[in-house]
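Labels run A, B, C, D, E and F following the written order; every chain starts at residue 1.
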Amino acid sequence: MNNKRYILVSGLILGLFAIVGTALVGVTHQVTADKIIDNERLALLRKLNQILPSEKYDNDLLHTTISLDADDRLGQKETSTIYIAKRGNEISAMIFPVIAGKGYSGEIKMLVGINIDGTLAGVRIVSHKETPGLGDAMEIEKSDWVLGFNGKSLNEPAENKWKVKRDGGAFDQFTGATITPRAVVQAVHLCLVYFDRHKKELIEKYNKQVKLSVSNKKSGEPVK
Amino acid sequence: MSILIAIIVLATISVFFGLLLGYTSVKFHVEGDPVVDKIDALLPQTQCGQCTYPGCRPYAEAIAAGEANINQCPPGGETTMLALSELLGVEPIPLDSEHADDPEKTVVYIDEQTCIGCTLCIQACPVDAILGAAKQMHSIIESECTGCNLCIPPCPVDCIHIIPVKIEPETWRWSLPESTDTSPKA
Amino acid sequence: MSDTNYNEISKNGLWNNNVALVQLLGLCPLLAVTGTVINGLGLGMATLLTLVLSNAVVSLIRHWVRPEVRVPVFVLIIASVVTAIELSMNAWLYELYTVLGIFIPLIVTNCGILARAEAFASKNSLLPSMLDGLMMGLGFTFVLVTLGAIREILGYGTLFSNAHLMFGDMARNWTWVFVEDYSGFLLAILPPGAFIGMGLIIALKNVIDTHNKKKQTISAAQAVSASEATA
Amino acid sequence: MQFKTASSPHIPQQNSVQGLMFKVLLAMVPGTIAMIVFFGWGVLINIILASVVALSAEALMLWIRKRPIKPYITDGSAILTACLLVLALPQLAPWWLTVIGTLFAIIVAKHLYGGLGFNPFNPAMVGYIVVIISFPKEMTQWVPPLLEGYTQLTFTETLSIIFGGDLPLAYTWDAITMATPLDTVKTQLGLELSINEIENHKEYGGIFGSVGGFGWEWVNGLFLATGCYLAVKGIIDWRIPAGLIAALLVLSNTFALYDYASFTPPTFHLFSGGIMLAAFFIATDPVTAATTTKGRWLYGAGIGVFIFIIRTWGAYPDGIAFAVILMNMAAPLLDYYTMPRAFGHSWTEFPHHHKTDDDDE
Amino acid sequence: MTRSSRQLWHFHGGLKLESNKAISTQSPIVKARLPKRLILPVQQHIGEAGALLVKKGDKVLKGQAITQSTEYVSAPVHASSSGTVIDIDEYPAPHPSGLNTLCVVIETDGEDKWTELQPTHYINTKSPAELRQLIRKAGIVGLGGAAFPTAVKVNPGPQAHIETLIINGAECEPYISCDDMLMREYATELISGCGIIQYMVSATHCLITVEDNKPEAIKAIQAVINEQALHTIEVVSIPTIYPTGGEKQLIKVLTQKEVPSDGFPSDIGLLVQNVGTAVAVHKAIVLGEPLISRIVTVTGEGVKQPQNMEVLIGTSMSELIEQSGGYHDDACKLIMGGPMMGFTLQTDHLPVIKGCNCLLVENTPEETPATMPCIRCGACASVCPAQLLPQQLFWMASSKNFELVQDYHLFDCIECGCCAQVCPSQIPLVQYYRFAKTEIWSQERDRIKSDHARVRHDFRQARLELEKKERAEKLRKKKELLEKKKIAEAAAKNDTPETEIDPKKAAIEAAMKRVQDKKAAKQNNNTSSDE
Amino acid sequence: MTEYALILISTIWVNNFVLVKFLGLCPFMGVSRKLETAIGMALATTFVLTLSSICSYLVNEFILEPFDIMYLRTIMFILVIAVVVQFTEMIVHKTSPLLYNVLGIFLPLITTNCAVLGVALLNIQKDNNFLESVFYGFGAAVGFSMVLILFSGIRERIAVADVPNVFQGTAIAMITAGIMSLAFMGFIGLVN
């Protein structure tokens, strides 16, 4: 009898504190939830804006996307999301997530922004495992090297110059580390090629989505 | 609404867990603390109280409860401290200043000429190492004496003296080689 | 423990029984996020807040809980406090939050906190408990900041970089640059540097402690000899 | 008459730590000379620099720790550490790199643990790892061996590069440094070239020599020869190099047989980089190695395995230092679990054999 | 059976040492002069000291027992010459500690008169047990070094069956040559002794093992064997590797068997005795002489005339040195035993005891390199004949980790010194092991003592508790009694339940009495201090 | 199958919980003085870490997500872990004194081991499926155990070394951990 009460009290104490604790957290959650979602959105946007400054587009970049099946040419092994920038009603640029597979020690994840005319809007490294102090010069925080891609396109420099200088190309390597820049240059190049080949397809795909959602509801909604 | 769900879910689970723990604590109750015994076995059982506890076992209990350090027993010296640190898996602590090394072992003897047979020492001795009856001269059973010196203060005529335990060739110990500055620390 | 010695509590928390240096608790965040001073400070503050609040709550409820549910209850309290802090940071200090990452929720398992709850708060009344939490938290933050400073100076050649993560945009130019164009001593920033730096800090504390002790014994000896001289 | 007392034995003997260290140092001379010949004065300059720094640091630490200075400063272990560290560094390593590495080796890896005999990790290798992870850029400044088409620097040029940090006007870094054969193979394999293609590559072909890379094969050969001499003399335990080389051979052979095109051939593994130096002079550091017979086999083999893993799949071209420190970590346990059967005891009675599946060897 | 036919094995490790025996084997064994005074420690062996049979002033004859064994593992001591007991007191012992030990001092009368001896002429008429008794009475202990009572060793117990008797003439330590000389000059007695022991333990074989650097000794023994056409005794020449004379190593070399760590050779059917012990057995049985003398090698670079001497037990070492030409000027170390295992003595005014086979005087050595920390080179492990890891023992011993050091088999170390001999860091390893061993023994004694103290303390606590209770009880009883009395008086009836003999009650009563005594004592005390 | 092998390699060597990810450092420093206790702790942690991986997966899958209360994950996980650990401890204490001596005394310590909550949170962060979670937890535990045991071996050795006074104890232990972590840097790049 006594034991039963003992056991019951244990349960109730724990339950009581659970209620109090959850209430506290729940209230905090209610207060902060919107702000948090906002934050996350803003953070992503900030990254995209580094490639594509906000004055260059006027749409809701985060919600204007198309998804892409896994594609070797972009190094993607899973479905990925391409962000579409628009100016007025025209598509002005696209931002591709690209993975360079041949870094010195693993994959280099980046975002590659390509203007609709085929020039590079910008390249940023999202994450990598290169040697700190050697291969990490591609990070914008460490050096300006990635800025060298700005404005380049498939023909500028010429096709056969899409290499690092060591290999006779147009791009600098880092002292003592050629592999990393080589990999990045190669991946950016591949992405440009991809864009060149599939530009139409991509635009069509996007337009179809818009139509679909317009017919469904109003425009501007993200489409999955 | 969402808060309510959260609270309900968590509270349910918590109550369940609480019941579970309550149940197990009742059903799987275990008693006793063997650690104290283990510690006590390492102490020299001199019962001298220099550790500030009234005897070895209380000190052992204090150590087990985490209230006392392992370096408070002068009769045990460094050896005991090291043994305790080994047992409890704690870092060895140097002994309090004076008793830096293992103390010399001593016993006491009663100057039988001066002893008046008051039996005060008998009452003080924690291990009954003193023989004698009232008004008769007393003597120490040397093999039983632990050298705690507790019998000395009560003696009204100061007839109890400390002597080192005699070392025989058989009980003699080799010392560590002297040039310790190039050898590992103790 | 009826008569509480606030002085003693403070001393213990800050130095003598410092959570990180002496008790060796809460090491994971300590080593993981101290790449820069600001990161250290951020986590330190979060931990401090958690310590004070959880100590307070635990001290208030200390008579109610029973042994078999004590740990779960304490853990529940700490976890609630931490989650609330985590959510708040996520909302208002977003960038700092992303930098500190998993180590914010992991404050829950910062052994230091549960240890204080068990060792102090569950045995003391509200005020001393909160003070204990505060002092322990300050001591912990102090170590976080020191280690952060060492690693930041050696690793990046700067101090207080990224202060805006914590103090907002006005802090952007707080960064002190010690060496322009410093190429960086990577060891300091990488995991091994954290361990070695911590080792050095502990050693430094030992140096200070032995020095103090020596001074004490010397002054004591002097006092004795002085009194002898006068006698 | 009063006599001196001492514990037995009472026969004076002349073995000494000093003698041991100097014999090892002596055995390193031929290989070191070969390095100087093939890779220029940088080796010598850095050895001298590192030795001076090492001895000063040793003396300083002994003084701070209030230990007798003379017996330790003359025991040769600090110089040995300095030499081994330098032999692992690129020849044009700037002076501060050598100094930082040496200081870390002597102060942190050796004296914080109590100096000679107490350090659990190989000091030279700790120093090496510290600099390679801290200054990877400078750690790639290897000079091409005496090879056609590459400039050979003069003594003064080398000196000014090492201490001045600037290049003589006529040169660029890319002209006077090149990746080591190991590095080249690794990076080229990364580009999905086959071993054959790499060997026949117009630019890299020359550096491969016949077995382990031009120059390297000589250096390794000489270290192998003098190392064997030490082993025969019983100054080092032959089991460690044997285990190391055997493990490396077995692994590289297996993988090369499996896919010749994309795994480095065994001969190349053995004669390139610092393998022989590592096998006979570094892995054998008695202080940090395992001490039991079986333990030494496993210790050597472990190093071989880790070297192979790091070389083949890791980010660093040569994994010697990492492999050595990793096995240093395991040495106490190896010793513990490979205790020999004492005389009069049975094989099965090892007193506290808690084997766990988590403990690696 | 020829010598070469026997297959031999190796033991792990060991050292090839320079033997340096030749310097003391140039001349035959010399009989030492009869000293004026003999100092006989009563404890010269492993085991318990015997009880004294003489007192100050007693006249004793040569060979007369002056102690008598009271324990099983013990050996009596005999007067080595005739004379008067002039003192029984503590004198410095030939022991590394330099401490004093109880000795009987005899002033010799120069007559060297034997007590009555009882030789046994026909061994076969006595049973092994009777022979053992004779050996026991003769005070024979192992002369190979350990001084373990031989009578105990030759009684391996009813289960054990001794197949082979091994007579240890290896004498593997450098400098020592007493066994060598003994084998050369007393080969006949040796063979006789072997026969007796063989008979006592009913061993089928007897192997006399001699290192191959003592060809003369081998020849001498072989000659006797051939002469007597013995078939069960064989002399075996074994390679000279230190410490092949160690009992376990010797057995390994001869049989490939290993004596179990916690066992004795008798467990695997073997018995090892030193050659000197065998000769002593011969003397004890055939001549009836107890062990009163032994052969001692006096040698070393520090002594002028190295030689072997037959010495009465109790002779002062200083006299032996004097008779060997005295010290060279640069003599600095006096060692009892050999250079590998012997221990240094502080002075030469010490008696020769049964276990003293050699006095080695070393001169000042050249400067040896300083002691350095262990560099774990493993040289020690590669020479350790006990297959231990000496460096681990060293690390554990020096950090006083006495538990772990035993896990590393400290007690299998035979203190041979090989490890210290090859250590490049010049670490006095053996001293560390001796330190650890004696420390562990001492702790064991302390532990026993503290266990004992705990029991006594607990007992006392319980007693005090009981007394307190009793006092309370007594008070209560008194009250009760009073009340009862009242009731009883009222009822005019008397009841005496206390008369029942209840042991508990009796104890209580006794205790009460004690308390009263104590109270009395206290009062006494008070009064006395009042005075 | 290779992906599971890679998870193991990654958690044990490349992203070792203790030396690279900084999780579970307190027990790493606290119970590594003696080899024996380290082994006990290693076993106990392996048990709890694997268990906690499983529990957290289940909690996430069947409670947090269905009810959409992801923000309670920290509370939920730690509560479940604490209770499971305490429950196990009580059971072990009663049923097997032997096992309790080996494992049990370490169990309460483990609740406050970051690695335990860390593994739960990381599993969610990485979107691991059930088997991946199990392997991830187990690998992390093995990695933890391995370095803990190695570390204790070295610490036993250091304990008898002539370490300068101010570095004795925890300071030198930290530096040792630092050097171990240096060595583990060598595994960078093994798993992409």
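The definition used in the following text is that contacts are C-beta pairs under 8 Å (C-beta built on N, C-alpha and C of every residue); 3 or more make two chains touch, one makes a residue touch a chain.
Quick caveat, the model's predicted, so the values are computed rather than measured.
K.L.:
Using CA atoms only, can you tell me which chain is the most central one in this structure?
P.N.:
The most central chain, going by mean C-alpha position, is F.
K.L.:
Determine which of the two chain pairs, B-C or E-F, is joined by the larger number of C-beta pairs in contact.
P.N.:
Result of the comparison of B-C and E-F: B-C.
K.L.:
Among all other chains, pick the one whose mean CA position is farthest from the mean CA position of subunit C.
P.N.:
Measuring from the centre of subunit C, the most distant chain centre belongs to E.
K.L.:
Using mean C-alpha positions as chain centres, tell me how far subunit A is from subunit B in Å, no decimals.
P.N.:
Whole-Å distance between the two chain centres: 67.
K.L.:
For subunit C and subunit F, let me know how many angstrom lie between their CA-based centres, rounded off.
P.N.:
23
K.L.:
Report the inter-chain centroid distance for subunit A and subunit C in whole angstrom, where each centroid is the mean of the CA atoms.
P.N.:
Between these chains, centre-to-centre, one finds 36 Å.
K.L.:
Calculate how many whole Å lie between the centre of subunit A and the centre of subunit E, each centre taken as the average of the chain's C-alpha atoms.
P.N.:
The answer is 85 Å.
K.L.:
Which subunit C residues touch at least two other chains?
P.N.:
Expected reply: 68-69, 72, 76, 79-80, 83, 87, 183, 186, 190, 192, 196.
K.L.:
Which residues belonging to subunit E are in contact with no fewer than two other chains?
P.N.:
96, 370, 372-374, 395, 398-399, 401, 428, 431, 434
K.L.:
Could you tell me which residues belong to subunit B and also touch two or more other chains?
P.N.:
2, 6, 10, 13-14, 17-18, 21-22, 24-25, 86, 174, 177, 182-185 - these are the residues of subunit B that touch more than one other chain.
K.L.:
In the complex formed with subunit C, which residues of subunit A make contact?
P.N.:
Checking each residue of subunit A against subunit C gives 9-10, 13-14, 17-18, 20-22, 24-25, 28-29, 31-32, 35-36, 39-40, 42-43, 132-133.
K.L.:
Enumerate the contact residues on subunit D facing subunit E in the complex.
P.N.:
1-20, 68, 71-72, 75, 114-118, 237, 286-287, 289, 291-292, 296, 335, 339-345, 351-352
K.L.:
Could you pull out which subunit C residues touch subunit A in their complex?
P.N.:
These residues of subunit C touch subunit A: 61, 64-66, 68-69, 72-73, 76-77, 79-81, 83-84, 87-88, 90-92, 94-95, 98, 183-184, 186, 189-190.
K.L.:
Hey, which residues of subunit F end up touching subunit C in the complex?
P.N.:
Touching subunit C from subunit F are residues 19-26, 28-30, 71-75, 78-79, 82-83, 86, 90, 108, 111-114, 116-118, 121-122, 125, 165-168, 170-175, 177-179, 181-182, 185.
K.L.:
List the residues on subunit E that touch subunit F in their complex, please.
P.N.:
Going through subunit E, the ones touching subunit F are 373, 395-396, 398-399, 401.
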